[in-house]
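Here it is, the structure, as C-alpha cells.
The first chain written gets the first letter, and so on, giving A, B and C; residue counts start at 1 in each chain.
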Amino acid sequence: MIPIEIRKAESDKPRARFERRPEDAPEDLREKAFELEAKGEWIVQRVPGPHAEVKTKYGKIKKIPLQHTWHHKSCGQCGHIPGYSTSIFWLHRRLGFDYNDPRDQTSCTAWNYYASATSNAAAQAAVAMRNFAAAYETGYFPIIHCATSYGHYKEVRSELVHHKELRDQVRDVLARMGRPFVIPEEIVHYSEWVHAVRHEIAKRKVLDLSGITVTVHPACHYYKLVQEDAIYDADVYGGARTAIVTGVVEALGARVADYSTWFDCCGFGFRHILVQRDFTRSFAVQRKIEVMREEANPDVTLTHDTGCVTTLDKSQFAGQAHQGVKPAIPVMSEAQFCALAMGAHPYRVCQLHWHAAEYRPLLEKMGIDWKERWREFEDDLERLKKEPGKVMTWDDVDAAPRPAPEHLAHGGR
Amino acid sequence: MAAAAANPVVPYAEKERLFLEVKSDPRFADYLYGCYECGICVATCPSARFYDFSPRRIAQAAAREDVDLFYEQMNGEIWECSQCFSCLRCPRKNNPGGLITVMREVAVRNGLHTAKEALEGYSRIIYKIMSTGTQVSPDMIRPDAFPDWGPTAKQTGDNLELWRRAMPPDTMHTTTTSWEIDDKTLGELYFIWHKTGVMDMIKTLDESLHMILMDVMEEKLEEAGYDVQ
Amino acid sequence: MSSEQILIIGGGPAGLEAARGVADLGYKVVLVEARERLGGTPISSNYAALTHGMRDASEVMGEMAAAVTGNPNVEVRIGARVTSRSGEAGRFSVTVESGGRPEAIEAGAIIVATGFDHFDPGRATQQYGYYQYDDVLTLQDVEAMLKIKKFVKPSNGAAPERVCFIQCVGSRDRHIGNEYCSKVCCGIASKQAIEIRQMLPNCKVFIFYIDMRMYGYWENEIYWPAQEKYKVNYIKGVISDITMKGDKLMIRGEDTTMNRPMEVPMDMVILSVGMEPSKGTKEVIQVLGIAKNKYGFVETPHDSLETVSTSVPGIFVAGAAAGPKDLDDTMGMAGAAAMKAVGFVRKLNRAVA
C-alpha cells in the first residue's frame, strides 16, 4: 500500500498566498506601442524621472510619473466637484512635485460619447491624441483626473494599436492641425499616483484617523476596461481586487470596511444621470448606499472617479425623501480625504460646500473644526464679493512652507 | 421602450442594411466572438437589474445575425445600457457594451426616430460639450434641472459666480465651462468634429442643434484657417 | 542496437499503467517519480472516490502501485527527476537526479506521464475570493474532506445548509488563455454533489454551469441520478463574483433560464477548477525537447489518429500531460503508449538484426 498523508484537518486548505505571474498577462499594449514607434508610426512619450513603480494585475511593472505632470482635468470634477481637482493639485504642491494645469486641454468627451454616441471612434481617438500632443509639446507627462477618461483612453490606445486605418486617419487629422502624433508610454490615472506616494502622504498626516471607517467604491472604468492595466498589490486584498484607494486609506490608518456589493457599478449611466435619473438614484441608493450603511456603517465612502462621486453624493437626497430620513453617508474622492488628513482647509481646498450628502459629522469625527473653517471661508467670500473679478489664489490657501529639498532628492519617496 | 415584434412597416432590407452597417465597423470583430450564454454579463450588469435589458441578448442577436431582433434592440434596449463595461468579464472576450456603442452610433447616424427620442432633452448637453470643450459646466447645475440633487443645487446656483472665484486653481474661475480653454484649443476641437464626420451625425440627429453649432464653430474655424470641406 | 529498456516519467495512473503494460510485454522499465511516493495526483491531492467507478482512490492507486513495485521488470526511482536528454530514438541517454546524485539511464523509448496541476483559482478573471474566504474551496479541497468523511464549513466547523459548485473555473476562458474544456469537472462536481447529498440529506446543493458536459455513460450514471435521486439543482448561469454578507457567501449570477439576474447566499462555494500542464510536464517538455501546444501541454498530432505520439520519434505521452483527460482516456493512452513504445523498440532491433 502507498503510505498516504491524510490532510490534518478538514479545514486544512492550502492557504498559500496567491502569487501573480507576469507570463499570464495578455499582450502588452505598451510593448506594441514601442514596436509601432520603431516603425515610425508615432512617438511614444517616455515617463520622466524620477518615477515610481507599481504592479498591475499580473504583477507587471507600471511606471508612475511623480512630477513634471500635465494634468488632464475632468469636466465633471472641475464643474461640480471642484474640491476634487483642487485637492489633487494641492497634494502635488504639498509633496513638492511640479505640475502643469493646462488651458490647452479639452474634455476627453467620453461622458457624451457613452451617453449619446453622437461621435465615433475616429473623433474620440483624435480628441485623445490631440490632448496627448498638447501635453507632449509642453514637455510634461499627462496624468488623468477622471477614471472614465482614463478607461476611455486605454480603449483608444487599444483601438489605435490594432487598427492601422484608424491610426492613419487620426494621424492625418492631427497633422492638419500641426500637431505631432504622440502616445504616452503609460496611461496614468491620478489615483495611481496617489497609490504610489501613499506613504509620503501618510507621513504628512496631522489627524488621527484610527476611528474612521471607510467604504471604498472602485470605478468600473478604472479596472474593468483593459483589465490587465490596473494596480493590484499583494498587500491589499491579497492582490485579488484592485488596490487603489484602499491602499492609501490603510496607509493613513483609517479602517476599510467591506460590503457585499463592492464590485457593483455605482449606477452613473452617463446618459441616465442627466436625463433618466430614476435609474441612477435607485441603483446607487439600493445597491450601494443602503448596503454600505447596513453592512459596514461607514463614516465616509471614498472613490476615485468623477462619475462615482457625483452619483453617490447626489443620489442620496431623493433616496431620503423616499424612505424617510436616514443619515447620509458623506462621499468624496480619496484625494480630498488625503488632503484633509494632511490638514487641508475643508472649504478653500476640499470645497466641501459643493457636496450634497451631509459631511459635517464626519469632519467633527476627524477632529476638524468645520465651524471655524466655514467662518474663515465666509470671510474669504466677503473679501471676494467686495472686489469683482478678484479670485482666490494658492497663496491664500498655502500657509504652510514648501517641503524641504531632501524630499525631492528621493523623488518624494 | 416597447418595440413591435418584427416591425412590418420597416422593410427587411432596411433592417439588414443597419445590421450590416454595425457589422462592418472595424471594432465589431474585437467586440463579438462566440457566445455560450453563460450570463456573466447579465450578472454584473446594473441596467439588467432595473430594466428588461440583457447584454447577453445583445450578443446573441448579433451573433445569430437575427436582423429583426437586432433592429428591435437598436430601437429600444440599447439606450438602457449604462456603458459601465462590467460585461467585459465575458470569458469569450465579447464586449456587449461596445456592441451597443456601435449600434447607438449607427442609430444616430441614420437618424432613427427612437434615437432622437432617447436623446430628447439631451441636446443642450451635446451643445455644451461640442462647442465649449467641457461637459456639464457649473452653470448647468440649476435646481430646476436637478431638483433631486437636494438643496446644494440651489445654493451653488445662487452663489455660482462668487463661489467659482473662491477656489485656488487659476484655470477654474469659470462658470460657463468647467475650466478655461484656449481659443486655439477650441478651434482644434471643432476641426476634429468636422473632419471625422461628427457634424454630419449631429445634422441627422437634430437639425436646429446642428445649425446653432455651425454658427458657433464657423468663425473660429475660419480664423484658425482650417479647411473643413 | 536499441536499448530494450523503456523509461517512464511519472508514477501516477498513466505512468503506473504504462509500466505494468510494458512489463507484461516482457520489457524492462525504469519508472521515475519526482514525489516521495507513487500514485500521482489522486494521492497527492487526496482524492476520495474516483470518477466514475466510485472506487476509493487510495485503494485503486494502491493496487496499481503494487502491480509495479513488486514487478521484476520494473525499477522504481522515487524522489527522482529527469534533468537532461541526449541521443536519439532507440538510444536515448537520460540523466536522472535523485538526492542530488545524477545517474545516466539508457532507454530505447520514453513515455511521458507527468500529468496536470489544478488551476489556481486566484487567477480566475471572475473574482471568487478563494484566498480571502475560508468557505470557498476547490474540487480537490472537497475530495480531501470527503476522504475523511467530514464535510463541514472550514470557517466554523458547522455543517452547511446551502452549497454550490461553480463550473469552468480556469477553463473555456479567453482572458485567462485556457480556452479548452477540462473535460472532467462537470462529472466530478456532480459526483461530489451526490456524495454531499448522501452525507448531508438536509443540505441543498446547486451547480452553476455554462454547459453540462457528461459524455457517454457519465450522463446516465452521474447526471441523471444527481438530479433525479439526489435532487441536485442545476442552474444555467455562471457566477461573476463572490462577496460576504454577514456570515454568508453571496454569489452573483444570471439565472439564464428564467432570464433574470440573481444573487444568492451560500454557506460553501466549490470552484470546479480545470486542468493545466503540471510543473513536471513543463519541465520534462523542456528537458526532453518535445513540442508543446499553445497551452503548454505535450503536443500530439491531431490530424492523424496517433494519440500518444509526440514530436520526437520514440518519445510517447500518456494521460493529462497531453491535455485534459479523464481516467478512461488515461488508462487507454497508457496501454497504447506501452504497446507503441515496445513496438517501436522491437522494430528498430528487427531492422538491425
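Remarks
Just so it is clear, a residue touches a chain if its C-beta (ideal position, glycine included) is under 8 Å from a C-beta of that chain, and two chains touch if they have at least 3 such contacts.
Just so it is clear, the structure is predicted and the values come from calculations on it, not from any experiment.
Chain A has its Cα centroid nearest to the centroid of all protein Cα atoms in the structure. More contacting C-beta pairs link the chains of A-C than the other of the two pairs A-C and B-C.
One simple way to say how far apart two chains are is to compare their mean CA positions; for subunit A and subunit B this gives 23 Å. Subunit A and subunit C have Cα centroids lying 44 Å from one another.
The distance from the centre of subunit B to the centre of subunit C, each centre being the mean of the chain's C-alpha atoms, comes to 49 Å.
Shown for subunit C are the residues that touch two or more other chains, namely 125, 175-176, 240-241, 252.
Contacts with at least two other chains are made by residues 44, 49, 89 of subunit B. Counting partner chains per residue, subunit A shows two or more touched chains at residues 227, 263. Subunit A meets subunit C in the complex at residues 1-4, 6-7, 10-15, 17-20, 24, 26, 227, 237-241, 258-263, 295. Within the complex formed with subunit A, the subunit C residues making contact are 37-39, 43, 46, 58, 61-62, 65-66, 120, 122-123, 125, 127, 129-132, 134, 137, 141, 144-145, 147-148, 150-152, 154-155, 157, 175-177, 240-241, 243-246, 250, 252. Listing the residues of subunit A that touch subunit B in their complex gives 73-80, 82-83, 85-86, 89-90, 101-107, 109, 111-123, 126-127, 130, 134, 151, 159, 162-163, 165-166, 169, 173, 176-177, 179, 220-221, 224-225, 227, 263-265, 267-272, 274-275, 277, 279, 281-283, 287, 314, 316-318, 348-349, 351, 353-356, 377, 380-381, 384-385, 389-394, 396-397.
For subunit B in complex with subunit A, the touching residues are 25-27, 30, 44, 46-47, 49-51, 79, 82-86, 88-89, 101, 104-105, 107-108, 118-122, 125-126, 129-130, 133-138, 140-141, 146, 148-153, 155-156, 162-173, 178-182, 184-186, 188-189, 191-193, 195-198, 201-202, 205, 226. Taken together, the subunit B residues at the contact with subunit C in this complex read 33, 36-45, 48-49, 54, 56, 89, 91-93.
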